[in-house]
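What follows is a set of structures for review.
Paired with chain B in one complex and with chain C in the other, chain A is shared by the two complexes that follow.
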Partner chain A sequence: MKKIIILTPLIILFIISAFLIIYLLSDKNPNQPPSALLNKDVPNFESKSLYDENKIIKIENIKNKKILINFFASWCAPCKIEHPLLFEIKERYPDLYILGFNHKDKASDGINYLKKDGDPYNFVGVDSDGLIALEFGVFGLPETFLINENGKIIYKILGPITKDILKNEIEPLL
Partner chain B sequence: MSSLIGFLSLVFAIGINFYLLISKYIFKFKNLPFYLFIRLSSLLTLLSFFALMYAYIVSDFSNYNVFQNSHSNKPLIYKIAGTWGNHEGSMLLWMTVLSIYSFFFSFTKNIEDSFKRSTLLIQAFIHIMFGLFVVLTSNPFLVNSIFVEEGLGLNPILQDPGLAVHPPILYAGYVGYSIVFSISIAGLFQNRDDEWLHVAKKWSLISWTFLTGGIALGSYWAYYELGWGGWWFWDPVENVSLMPWIAGLALVHSLMMIRGEQALIRWIVFLSILCFSLSVFGTFLVRSGILTSVHSFAADSSRGIFILLIFFIITGFGFLVFLLKEPKKSYSLKLLLINKASALVINNILMVIATLTILLGTIYPIIIEVLNNKRISVGGPYFNSTVIPIMIPGFLLMSVAPILSWQTNKIKNSKLYVLAFIFLSVAVLIQSFYLTFNTWGFIGILIGSWIILASIIAIFFSYKTKLNIKFFQIINPHVAHIGVGIAIIGITCSSVLKSEFEFNLNEGDKFEIYDTKILFKKIETKNEINFQSLRAKFLFDLGNKEIKEIQAGKNYYPVSKMITSEAGILHQWYRDIYFILGDQKNDQWFVKVLINPFVSFIWLGVLIMIYSGLIAVTRR
Partner chain C sequence: MLFCLISKSYANENIDERVKKLTLELRCMTCQNQSIYDSDAEFSNNIKKIIRDKFEKGENETDIKKFLVQRYGEYILFRPLINYNNSFLWVFPFILLVFGLFFIVIKSRKNKA
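And now, the complex of A and B:
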């Protein structure tokens, strides 16, 4: 019994190392997990505006457009990192509809955050209970989806968008 | 030239350590000038580090690493800090700190020669592994193949005096555990009695103190530089420094038990191995770029695999020796309902559980992704709701633990303590109703002030020695706990009672926050050596004709085309007024103001802990 207890750290070490080595060898990019939704229709959603409860956005309203959907929150540190890039996208692709979802956040915090860092979104929807994120299969913040004119999800990235990702992966799709 | 010297001395340093290892275990040479070789190897590693630093100082862009991470028009301090502001240099710093520890350890007296040699050989082994890592995958001395006159610049967010010293101090903590690791492994190998425990105690205190300072500097930097108003974000990189810190705290406490002749030697060995393993694991997680974090370092999977291998060898070796060798001497434990030994055992268990909880939260996303190819993220809410409740019983125990007896269940002056606790609870309850009542706020303030009160009572009652160094050594545990109490109050108040204000202001506008009058004087732009600054100046009327100026704004770094935000903070002892300058819209500036009550208590508490760590080192 005593031996087994003393053996435990070694067993844990083996398990952790095994996971890490599989992870490293699988060449996974921590920012790009696969998505079950890729190439599927964008889920239906309906959401109030963060600024004005009477304004509502539905997926029908923005069909036939390319849409970038970005889930963010004021408490999410990596969201702040990618935030300036959203402005860059907005400037270069004025036709692209950028839709933000303020995820599991207090509305006042979300508004403050966008006031302070600026608001790059065409519309900011509220997802305070996380139900919309659930539909999209959001794992963590920030998470960004690109939807084509036919309403199909063509790209998804978890974690902050970086300059490289923008240049090599998102721009070719725009 | 300096790069060549640096590279060669690094290779020689590794070679010497390699020679020492094989000459000991293969050729079995005797009469080798062992200590001379160890010190020489340490000094060569140091020379190599200084050679790199020199290349940074003179902006020698023929060195590829300098070219990538420096720029000629940077202030000297950031040229120096640039040495470790990148992956390669930072790994060389890691090795340098390892060598410095070996160097000083080689002068330790009061321990047997063969034991000292074994310890240093284990250090040499670690040096070789990391040395190979640096030379083969992360060489900071590569030659730049093109001729350039200017470098690419250091990440502006790192251009800050606090952050310049943060990595060396943090590493002094992390890598210091290598000595503790080597001592306890050597202790097992040589089958010693407990003499090594006293040596281990000193070094573990040194490492823990440095680690405390390093973590505090990092979070202080996050507080004023990142401009998010917070100081702890449960970021993976913060977590990996917190784990060895908590495990190290458990180690320091379990080493105290030697004084009561009730030490659990196996447990101490386990913690020594755990601390250093967690340090190396932290190095792996940060340097492999496997986790996304605010510390966005370059990811390279071949490097990751190499450090993972080092982590596996060191930890595996440590725990294998732990499994096979049994310590010779053992003490019996006298666990009563409430005596010192049981309090320390409970505290150790809680700390290890907290460490494992953080470990689980930190690597959980990786495990889940390997298992079912899905990504989840674990953030603040998980850690706050798991780690804090685990720590609360420990905090309560902490308030009285130093006055408990080793042998009996009795507490001196126990009635006084009970009375004081009841009185304090009522006082805090009343006070918290006057402010807005908040359960966590109540618990935090009560625990913090109770720890302080109980420790002060203990200092007054238990000791009546003269005011000399011995007195400070004796009351040191209480002082350390007062530091923790103060920090708990600071943490609680700054997170529970903070308030936010927003303004859209024109230059010259006056506004008020609570009863403080503030004038938004003007916006100023300036060209500094390596950046352009935009500053909003605010004047505070603090009454009594005292006027203070605070500047908040942004810096633009043309070399890297980055903008950093610079918060302006008015420090008052009971609160920080924290200014963030937003964007300009319709000629008005958006200004956000956070009132963070009692933040200074966090830093004061940490300073007291560091002081007390230093005092503890002096005690035998």
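And now, the complex of A and C:
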């Protein structure tokens, strides 16, 4: 009996530790590290258009709208996988502003890619030096952010959008 | 002239050392458990360049870490920050130690008796 009393704190500690570890590791995917920007204001940016460097986009120009920001490049193979789905999103949600950032790409390559595969974006900004991506904490392509009407980042996906992700994770937020 | 060259090379060496020290503490987000210093991934090379630029501009290690954590989250740090959110993480080993010592003391007393 005395032995059980002595061991009780250790048993309780073990149970608490086990629950804590289970809680900390639940829903953790090493391929999807948590985004530091989730539920925070969208970073300020200013970017020239891929097609016309006299056209400039700033975050102020598109406030009060739901915005899907997609970082892509012509050299990015997974970007090609999700590309048709961006057209699907555009067709189903015409009020959604889809902003693409051509990341670390030659402008001519970016333009050719969008000519060949089509352009689903309302605006395509240039991020040739990667500084806009840095502000968004982007570390792999493609990366997509959903911004609400209040200018908060409400969703982020690292890697290509799939039909399942679109149906289960993005659409409920649109 | 020679003095300038020597001091510039000393400054570069100093920055190299600081970049190395800091990047060893940072996780490459696109690699499997590798530090930014040890990684040659594009992401790591970009971060090394950013850190070097910031050191050259006179920013300190704390500012640079804060800059990176704001964008990439605490996940980029191998060593979690000491703050309220991580308090349990830092205190837990000490709790374990206290329980362990308590257990050893009780056990040894019992053995003596």
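Just so we're on the same page, the second predicted complex is superposed on the first by the 142 of 174 C-alpha atoms of A that agree within 3 Å, B and C clash if a C-alpha of one lies under 4 Å from a C-alpha of the other, contacts with A are read in each partner's own complex, and residues count from 1 in each chain.
Just so we're on the same page, a contact is a pair of C-beta atoms (placed from the backbone, for glycine too) under 8 Å apart; a residue touches a chain by one contact, two chains touch by 3 or more.
Please read these numbers as outputs of a predicted model, since none were measured by experiment.
A.B. asks: If you stack the two complexes on chain A, which partner ends up touching A:Lys116: first (chain B), second (chain C), both, or neither?
C.D. replies: Once the two structures are laid over each other on A, A:Lys116 reaches chain B alone.
A.B. asks: Touch test for A:Glu135: chain B only (first), chain C only (second), both, or neither?
C.D. replies: Second partner only.
A.B. asks: For A:Gly159, select first, second, both or neither according to whether it touches chain B, chain C, the two together, or no partner.
C.D. replies: In the superposed model, A:Gly159 contacts chain B only, not chain C.
A.B. asks: Considering only the touch criterion stated at the top, classify A:Leu10 as touching first (chain B), second (chain C), both, or neither.
C.D. replies: both
A.B. asks: Should A:Ile81 be classified as contacting the first partner (chain B), the second (chain C), both, or neither?
C.D. replies: In the superposed model, A:Ile81 contacts chain B only, not chain C.
A.B. asks: Of the two partners chain B and chain C, indicate the one touching more residues belonging to chain A.
C.D. replies: Comparing chain B with chain C, the partner touching more chain A residues is B.
A.B. asks: Show me the chain A residues, by the header's touch rule, that chain B contacts in one structure and chain C contacts in the other.
C.D. replies: The answer is residues 6, 9-10, 13, 17, 20, 33-34, 139-140 of chain A.
A.B. asks: If we count contacts the way the header does, which residues on chain B are in touch with chain A in the complex?
C.D. replies: 228, 233, 235, 266, 270, 273-274, 277, 284, 288-292, 294, 296, 299, 301, 304-305, 308, 311-312, 315-316, 319-320, 322-323, 363, 365-367, 369-370, 373-377, 379-380, 500, 502, 563, 580, 582-583, 590, 592
A.B. asks: Applying the document's contact rule, which stretches of chain A touch chain B when the two form their complex?
C.D. replies: The contact residues of chain A facing chain B are 3, 6-7, 9-10, 13, 16-17, 19-28, 30-31, 33-34, 75-78, 80-81, 84, 112, 115-118, 139-141, 158-160.
A.B. asks: Which residues, counting only chain A, touch chain C once they are in their complex?
C.D. replies: Touching chain C from chain A are residues 6, 9-10, 13, 17, 20, 33-37, 130, 134-137, 139-140.
A.B. asks: List the residues on chain C that touch chain A in their complex, please.
C.D. replies: Where chain C meets chain A, its residues are 29-30, 43, 46, 50, 69-75, 88, 92, 95-96, 99, 102-103, 106-107.
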